[in-house]
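Listed next: structures, encoded as structure tokens.
Look for chain A in each of the two complexes below; its partner is chain B in the first and chain C in the second.
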Partner chain A sequence: MIREKVRVKTFKINGVDVTGQSNQTILEVARDNGIEIPTLCHLEGLSCVGSCRMCIVEIKGSREPTPACTAKIKEGIEVTTNSSKIEATRKMILSMMFSERTHTCSTCVANGDCELQNKSVELELQHSQVPYLNKRFEIDASHKNFVNDPNRCILCTRCIRVCDEIEGAHALDLAGRGLSTRIIHDMDEPWADSQSCTSCGKCVYVCPTGALYEKDVSEEEVIKKRGIILELVKNRGKY
Partner chain B sequence: MENKKIIIDPVTRIEGHAKITIDLDCDGKVEDAKIHVTQYRGFEKFCEGRMYTEMPAITARTCGICPVSHVVASTKAIDEILAVTPPQAGINIRKIINLAQILQSHTLNFFHLSSPDFIYGFDAPKEDRNIFKMMQTHPVMAKDGIILRAFGQKIIEELGGKRIHPTGITPGGAAKKIEESQKEMILKEIPNAMKIAQGALKYFKENLHKFQKEIDSFATFPSLFMALINPDGTLEHYDGVLRFIDSEGNILEEGIDPQNYKDYIGEAVEEDSYLKSPYYKPLGYPMGMYRVGALARLNIASTCGTPLADEELKNFKALGGGKPVLNSFYYHYARLIEIIYAIEKIEELLNDDETISETVRRTSKVSKNRGVGCSEAPRGTLFHEYHVTKEGVITAVNLIIATGNNNLAMNAGIKQAALAFVDGNNITDGALNRVEAVIRCFDPCLSCSTHALGIVSSKIEVRDHNKNIIKVIERN
Partner chain C sequence: MENSPKKLRLATIWLDGCSGCHMSILDMDEKLLEITPFIDVVFSPYVDAKEFPPNVDLTIVEGALSTDHDIAIIKKIRENSKLILALGDCAITGNISAMKNLFGSDAVLQKGYFDLADINESKKYPSQIVPKLLDKVLPLHEVVKVDYFLPGCPAPYKAIYEMLKALIEGREINIYEYTRFGK
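Let's look at the complex of A and B:
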């Protein structure tokens, strides 16, 4: 395999000249330079899929907003991370996440430790801009230790990625389309019947919301360990 | 003259939303009166499919005034499902929070909602019958009410984590132990709280003579009473067994395990109200009308078990002359006694060494597929019944909210008051206020008053038999 040579690229973020390596993403270079771009599906240590679109930025000359977590840097591009249009779009994306499922913070196990909730505070989203759909999904509580509540899932796919890339089990995947998309185990079997799940719990600990959680915990009692993935990756010498 | 209908909508100074209709006959005399609860909540249905662990948090949202009661009943139902007995410290913490809730809720009813009627009279101009006028004319009393309610709310916040919808009561016990500093903080405020409570009781008793006609006609009739009670006959709000007595004071059923409540309580549904009408099954519907709440509890209990409350209980019992007190107006009296009891009991429980021990919670897994939680809410006996799968997913829910138990009695009460005070040919504001005040005696919590926004207004429509509005009286 012929590897593309890594080169240094210079470009602009918010009018400031920055440099990065050609295999880096806009998000990585921005964060290296202390420029914060909001993210949600992104988790340090896992691959980036750009599923949530929270990190969208504007690139001069491009008509569409681009997700910073998957866009590789290019020489001379001019990136804007914050504009009224981007802010409005991010708020609309967040609103649509709230409207798709039933995110009732006040009674949620993840209340107070939820990235979706925190993002709403950060982006000052006070109410959903689109009506709630109130779609109901069945809870999978078959596993002896964990619960999968698709009603709180934002389809970030962190659980799928951590199971595949870190645990190496790939017990999880997506099924269905559009609003009906769900996280499933194996061939859409109850979690308890999954042959490939190792019950390691990584999916539960990286889930940004209360969609995956430890059984028998009540409101606000959820335990998340989102930082452990980066530690594991470092221990394996990949960083 | 045609048949007419008077509609009071909404009923003011109560928790929640309701309207009253008064039917007049051709001569303008009262024919019938009914209370309609106009809200639909749907908790029993939308809880289906959720995890059992979420039930305390979800059902707490039934109400903003008495969320603690729902959390207590809910966690007790889950304790049953988990087949777990919380450690004594956990039980004591729950009891203290529950008593603090009863204290603050009773205070709210007396000072904020009902006292304008006592101070200014039922015929006072409608502009004066509110807490704002009270702040102007009786600033100390208004302030006392706020202080006493805050005392209860502070206890809930300290031990439960939040003033409204607390998270500190969890399946298997309580979330956190009581710290010594918290205990001291609460104990320090007890003397002042007791002073205010006794002052309120004194004021009420001194002014009682002004309301003899109301005492006689505000839901004063024979009925059954139901409440939780300790096996030794003392007042109980958390544990204990259910007891039914009749209007003569005879015990109809003794020692009913709340798990078997369905054997004794039937649930009727009426076409014109979203509130169900529970009844005592052996007597059938509607003969099995019973009352719950402070009046029922004090009628059923032989003693409170705390010195100051017991002293006052003797005076209360004397009103019935050895039999249960049948006048619903005395709900106010019973609530004031319960405030004193709650303060004494909170002090007693805090000084119990067991209460501040380290172990406050036990954990377990789903062990049964059905659990009933029962507790005494400020307004009466509250039931939560859950059915779950072996994984812990809720399959069925049945709730009997405290106020619901009083539904038949409230309807009978407003009819009695309407007959006594309302004249269809001369409808006065004072008469209609009295009909509303009957409802206030029961202090109904018609679910989730926290969702009521803005100025609560009252609209009374006089309609003929074709429902054409012929007269409108508005209050706002």
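Let's look at the complex of A and C:
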């Protein structure tokens, strides 16, 4: 295999000249330079899929916003991370996440440790800009330790990625389309019947909301070991 | 603040919520004494007023909209109030009150008045005096324009105090310093 040569690229973020390597994403270079771009589905140590669209940025000359976590840098591009249009779009995307499912946090085990909640504060989203859909999904509480509540799922696919990329089991995947999309185990079997799930719990640790949670744990006791993934990757010498 | 010429005409109302946010207002305790010289409570569960009055400066609304009565009163509140403050998660997102949306009002009535009822001689849902349930519980902003949002379940007293103080003093505050959804 011919490996593409890594080159240094120079471009602009918010009018400031920055440099990065050609295999880096806009998000990586922005963070290297202390420029904050909000993310949600992104998790240090896992691959980037750009599913949540929180990290969208404007690239001069491009009509559509681009997710910074998957876009590789290019020489001379002009990136804007915080225009009023981008900020309004992010709020709308966040509104859609809140309205698609039922994020009634007062009964949620992740309450207070929920990245979706945090994002609403960070982006100053005061209320949903679109009506709530009130769609109900069945909860899978068959597993002896864990529960899958699709009502709180934002389809970030962190659980799928961690199971595939870190645990190596690929017990989880998506089923259905659009608003009906769900996280499933194996061929959409109850979690307890999954042949490939190792019950390691990594999917639960990386879940940004209360969609995947540990049984018999109260709100105060919830521990999300999101940082553990990066540690595992480092231990394997891949970072 | 001391020379404020006119008192703020304040109304509060409890719609589909648990009254926890109204409890939070009372939880201000001695800070209420700081606030009261600047406000006139003209309509509220705390005072005996039957009709929602005109020319209200600020109406604090707790709870979501779940009945035809709620819809009628919130429209009247909007007409008669300069500002509306949505207090607590039910008013802002529907929250617990809106959880029945996942099943529908009919399912809830069936459960409450038939499945779990020991006595229901009329074999009917109540249809007189009590307001009619909407198909869906709605947050305030889906029906009327809301000026301020103060989240929390219940909204913490400190956040309500800081909000009222800021409104009396005519300055802006960042409410997220004091509260957030689900808090």
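Convention: the second predicted complex is superposed on the first by the 236 of 239 C-alpha atoms of A that agree within 3 Å, B and C clash if a C-alpha of one lies under 4 Å from a C-alpha of the other, contacts with A are read in each partner's own complex, and residues count from 1 in each chain.
The rule we apply is simple: contacts are C-beta pairs under 8 Å (C-beta built on N, C-alpha and C of every residue); 3 or more make two chains touch, one makes a residue touch a chain.
Keep in mind that this is a model prediction, so the values were computed, not measured.
By the touch criterion stated above, A:149 is placed in contact with chain B alone, chain C being left untouched.
In the superposition on chain A, A:84 contacts neither chain B nor chain C.
In the superposed three-chain model, the partner touching more residues of chain A is C, compared with the other of chain B and chain C.
Once the two complexes are laid over each other on the shared chain, residue contacts for A:107 go to chain B and to chain C alike. In the overlay built on the shared chain, the residue A:220 is in contact with chain B alone; chain C does not reach it. In the superposition on chain A, A:141 makes contact with chain B only, while chain C stays out of contact range. Look at A:132: by the touch rule set out above, it reaches chain C but stays clear of chain B. Of the two partner chains, neither chain B nor chain C is touched by A:235. Residues common to the contacts of chain A with chain B and with chain C across the two structures: 106-107, 136.
Here chain B touches chain A in the complex through residues 49-51, 53-54, 56-58, 61, 165, 167, 170-171, 363, 365, 389, 391-393, going by the rule given at the top. Per the touch definition, chain C reaches chain A in the complex via residues 86, 89, 92-96, 98-99, 101-103, 136, 139, 141-142, 146, 149, 153, 176, 180-183.
Of all residues in chain A, only 98, 102-108, 111-112, 114, 117, 120-121, 124, 126-128, 131-132, 134-136, 151 touch chain C in the complex they form. Chain A makes touch with chain B in their complex at residues 106-107, 109, 136, 138-139, 141-142, 147, 149, 215-221.
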